[in-house]
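Next come two complexes, and both contain chain A; in the first it sits with chain B, in the second with chain C.
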Partner chain A sequence: MQTPVNYLARKHWKQTGTIALIGSIYLLSSWILKFDGLTGIVAIPKAFSWLGINFKPTANSIHFLPTIWQKLIGTVLLAIASTVVASFIAIFVALIGAKATGGNALVQTVVRGIASFFRNIPLVAWAMILLFSFKQSDFTGFLALLLMSVGYLIRAFMEIIEDEASETMLALKATGASYFQVIFQAVLPQIMPSLISWILYMIENNVRDATLVGILTGTGIGFVFDIYYKSFRFDAAGMTVLSIIVVVIVLEVLSNQIRKVIL
Partner chain B sequence: MLEVKHLEKSYQKDKPALTDISFSVEPGTFVAIIGPSGAGKTTILRSLNQLIKDDGGQILLDGGDLRTANKTQLRNYRRQIGMVFQNYNLVERLTVIENVLHGRLGYKSTLAGMFGRYTNEEKQEAMTLLQKVGLEDFALQRCSELSGGQKQRVGIARSLIQHPKVILCDEPIASLDPASSQTVMQLLKDLTTEFNIICIANLHQIGLAKDYADRIIGIRQGKMVFNEESDALSEKILETLYDQNVTEELN
Partner chain C sequence: MISNSDERLLTQPKSPKPNKIKLRNPSLSSYMITGVITFLILTTAYTLTHLDAANVKIGSAFSGLMMTLNQMFLQPSAGSDGIVMLLQALGISLLLSIMTTIIGAVVGFFLAVMASKNLTNAWLGSGIRVFMAIVRAIPTIIWVLIFSIVCGLGTNAAILGLSFHSVAYLTKAYSESIEEIDQSTIEALKVTGSKFWVIVFQAIWPTIIASLVSWTFIRLEINFANAVAVGAAAGAGGIGYQLFVASGMSFDFHEVGMIVYLIIAVAILLEFIAVKLRKAYIAK
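Up next is the complex of A and B:
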């Protein structure tokens, strides 16, 4: 017999059991992989002190700053460009794919499929595939970031449209407004803050990712880092990393400010 | 005149949401639809402008049937039918006057409407209507900054600028405090008389329905059980309308 008392007791046991299960999965997989978590954790302080000593930018590293910043600014612009183009593509596709504004169930499924295809291929894989066609160039990086961002943004925009625009759409439909009038007068104004918020997040993300892509495509800040690293000029590599961190933090602060103003 | 004849609707097979709803309303009449939650009040209201596609019957606005209208005809009918929502359904990011002007979209070409190119007469009228609902000083404020009662009055102005023959109100005061509720109900009643339109409102507040409506329609389990002058609504009828025991027996 299910009483409230023994229901709650059972729930309690279930929670304890779940935690125990997760713990044993970890132990089992460590054992199979011969992976020693404890040694890893113990090694962390040593790793960081090595990192601190070797990668610490010195007075000498300042010579590299002009090169680093020139490449870094180029990378940031590339990330912004790819995100902006991706947003344009994504908003149109999302309008077609969202339940509230879009076509039938088949169209919705197709759009969801396309979005998850672009999203679920790792960025590195995109970059390496595109390398064959476009060689080592800025455009390869641009395209890799673009495809990835399109996948993410379509999904995000579709959910925003569903959540935030359905009610106002209904009101305008009831006044006799046509489809495009509803999109431009209700849906787009209503979702604009969330849209911009997502685009800003994507730009921050793409600046970070652009570094990684650059290592593969031999362009931008990633390439600079790669060269310094492989030629054992660790202090310059450290300076590069420091510059990237500064830019990412500045971007984050900036976009938080923008969010505050528009929301 | 609005005539509803034998309206039918079911969302699931063998579980009718509406059965044989028939009534007619003359211009200048304020009708309240009352009944327990889930009785089918919203379904009736949304069928009237075909936001919900019903399954059978006739909906005649001055003799023309909305149910058999094609896309263009339906757009023409819809712009003659204003709608006021429980959650106001305004575009919160836009200003009050922009939201009022949305009521004109049904009359505009697609392009002019898309980019919000309204004529001077339309803008003047929007201001006149805002004056009527007491919000002329708020014209350039964002709707997100307004109180619930103010938002609902914007919604009413938006429906009035459509030059409607009918205004449908889906629980117009369910999210409002008592004072704002009174204001909104009084406003709806006055406008009904002034513009000689039909106003149909779903209500949960029986007291307010009796005070403000000319006629009351009682719905229970998708069937119409009452349709008379509001004075004729007695305790006994209310008991059968809302009695939980009877509802459970019927199930």
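Up next is the complex of A and C:
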């Protein structure tokens, strides 16, 4: 019989078990990876003091500012363009694949599979494959971000359609409206705020990912940082990081304000 | 006598003016949506027309890409490294992501408790939030590169860099879940004289456990992708490094295909576990 004492004892054992399991996973991983937690903790203040000394932008690094900002703005534009093109593709695929608006079960499964496939191919793989064919150009970065975003947005848009538009779809179908009338007059306007919210999130995310793509493919802000970093011009690298922080936080605040108005 | 020809009776009821039916109510929200869409499309059009394609012939580049993709996805092979080594590297990447997620979850939870508006004083809370926003704004890869100067290139730098970003991400996610809790629960416990950590572990923890688990697993998926990425771009080892070598140095695209399939398999497995766990906790 379930008595309170019984229940508490079981809960106690469950909690102890979970903590022990997580702790042993941690210890096992740190043993295999040869990670010393103590050295790690010591390294954090060291890293910050090093950052404070070396990454501090000096008067000299003002000279780098125009180059940095030019590349940074280019990167933001690239992130926006890839997200917008990706969302155009994703919305149509999502309409085909969603349960409420789409085809039969087979089509849905295929769309889900394709989305999952695209989403899970690592960005590194896209960047390196595209670099091989498209060389060191902005177009490479654009395509890598585009292919990555498409997978994410298809999944997000499908969930939005199913959450928000299933009932609308049924109600309007009952009135005898044609499929395209329902989609363009009811479904799309209804889900538009959530779509934009996701698109804004994806833009923020792509600006951050563009740094990684840039380091790998030699484009945009990632390339600039990589050059400064590898040639030990740390003050300029610090300036680059500072600029990235400013841009990402401005984007985040801006999109939060937009979200507050539209949602 | 009432005659049918009575003018007053014959007058047709005046039909109301055929006004156009207003389909949409203009509001600030709809203006904002139109504005944002217009801005985004114009920016995209400008960017795409000014894109520097470095004189690459698009047609031949695409046919080259198709050939590469064909080699990758239709003829994958373990290449010179052998499948055992690739699986080992995959295991290292997976461990890296699990470990950094554990660190991120534990540290992130305590920071989230201290950063939540409904639990602590405003100064400490907003201080932590601002600091975490700055940490989050710096891409993971740059954190790893910064730490690799202090502790040398390798897994240690990767663990620290990934953990840093995870802590910042999870602190925000957790503290948002904590702030959604009904204030009366906390006040009721405060009245009984419960200590701060008793409130946290007996009232807050059980209430938000579902969203905690769900956020942690989302972060695990992100960390796995990041572990692959930093392996490639910062030489931190694991499957990402193998991927970088195969695609950027030895140009063995059959091996790239194999590596990508392995990564996809793990990523889909993680996604599957996350979905199952989320369902289990929501059902409770």
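Assume the second predicted complex is superposed on the first by the 248 of 263 C-alpha atoms of A that agree within 3 Å, B and C clash if a C-alpha of one lies under 4 Å from a C-alpha of the other, contacts with A are read in each partner's own complex, and residues count from 1 in each chain.
Keep this in mind: a contact is a pair of C-beta atoms (placed from the backbone, for glycine too) under 8 Å apart; a residue touches a chain by one contact, two chains touch by 3 or more.
Just so you know, these numbers come straight off a predicted model, no measurement behind them.
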(request) Would you mind checking which one, chain B or chain C, touches more residues on chain A? (result) C
(message) I'd like to know which partner A:180 touches here: chain B for first, chain C for second, both or neither.
(response) first
(request) Pick one for A:72: touches chain B only (first), chain C only (second), both, or neither. (result) neither
(message) Looking at A:25 after the superposition, I want to know if it touches chain B, chain C, both of them or none. Which is it: first, second, both, neither?
(response) second
(message) Just checking: does A:192 make contact with chain B only, chain C only, both, or neither of them? Give me first, second, both or neither.
(response) both
(message) Which partner chains sit in contact with A:168 here, chain B, chain C, both or neither? Use first/second/both/neither.
(response) first
(request) Would you mind listing the overlap between the chain B footprint and the chain C footprint on chain A? (result) 189, 192-193
(message) Which stretch or stretches of chain C touch chain A in the complex?
(response) 24, 28-29, 32-33, 36-37, 40-41, 43-44, 46-48, 51-54, 56, 61-62, 64-65, 68-69, 72, 92, 95-96, 98-99, 102-103, 133-134, 136-142, 145-147, 149-151, 155-156, 159-160, 225, 228-229, 232-233, 240, 243-244, 247-248, 251, 253, 256, 259-260, 263-264, 267-268, 271
(message) Applying the document's contact rule, which stretches of chain B touch chain A when the two form their complex?
(response) 49, 51, 75-79, 81-83, 85, 87, 89-94, 102-103, 105-108, 110, 113-116, 155, 158-159, 162
(request) Can you check the complex and tell me which residues of chain A touch chain C? (result) 22, 25-26, 29-30, 32-36, 39-40, 43-44, 46-47, 50-51, 55, 77-78, 80-81, 84-85, 116-117, 119-125, 128-139, 142, 189, 192-193, 196, 199-200, 208-209, 211-212, 215-216, 222, 225, 229, 241, 244-245, 248-249, 252, 258, 261-262
(request) Could you please specify the touching residues of chain A with respect to chain B in the complex? (result) 167-168, 170-178, 180-181, 183-186, 189-190, 192-193
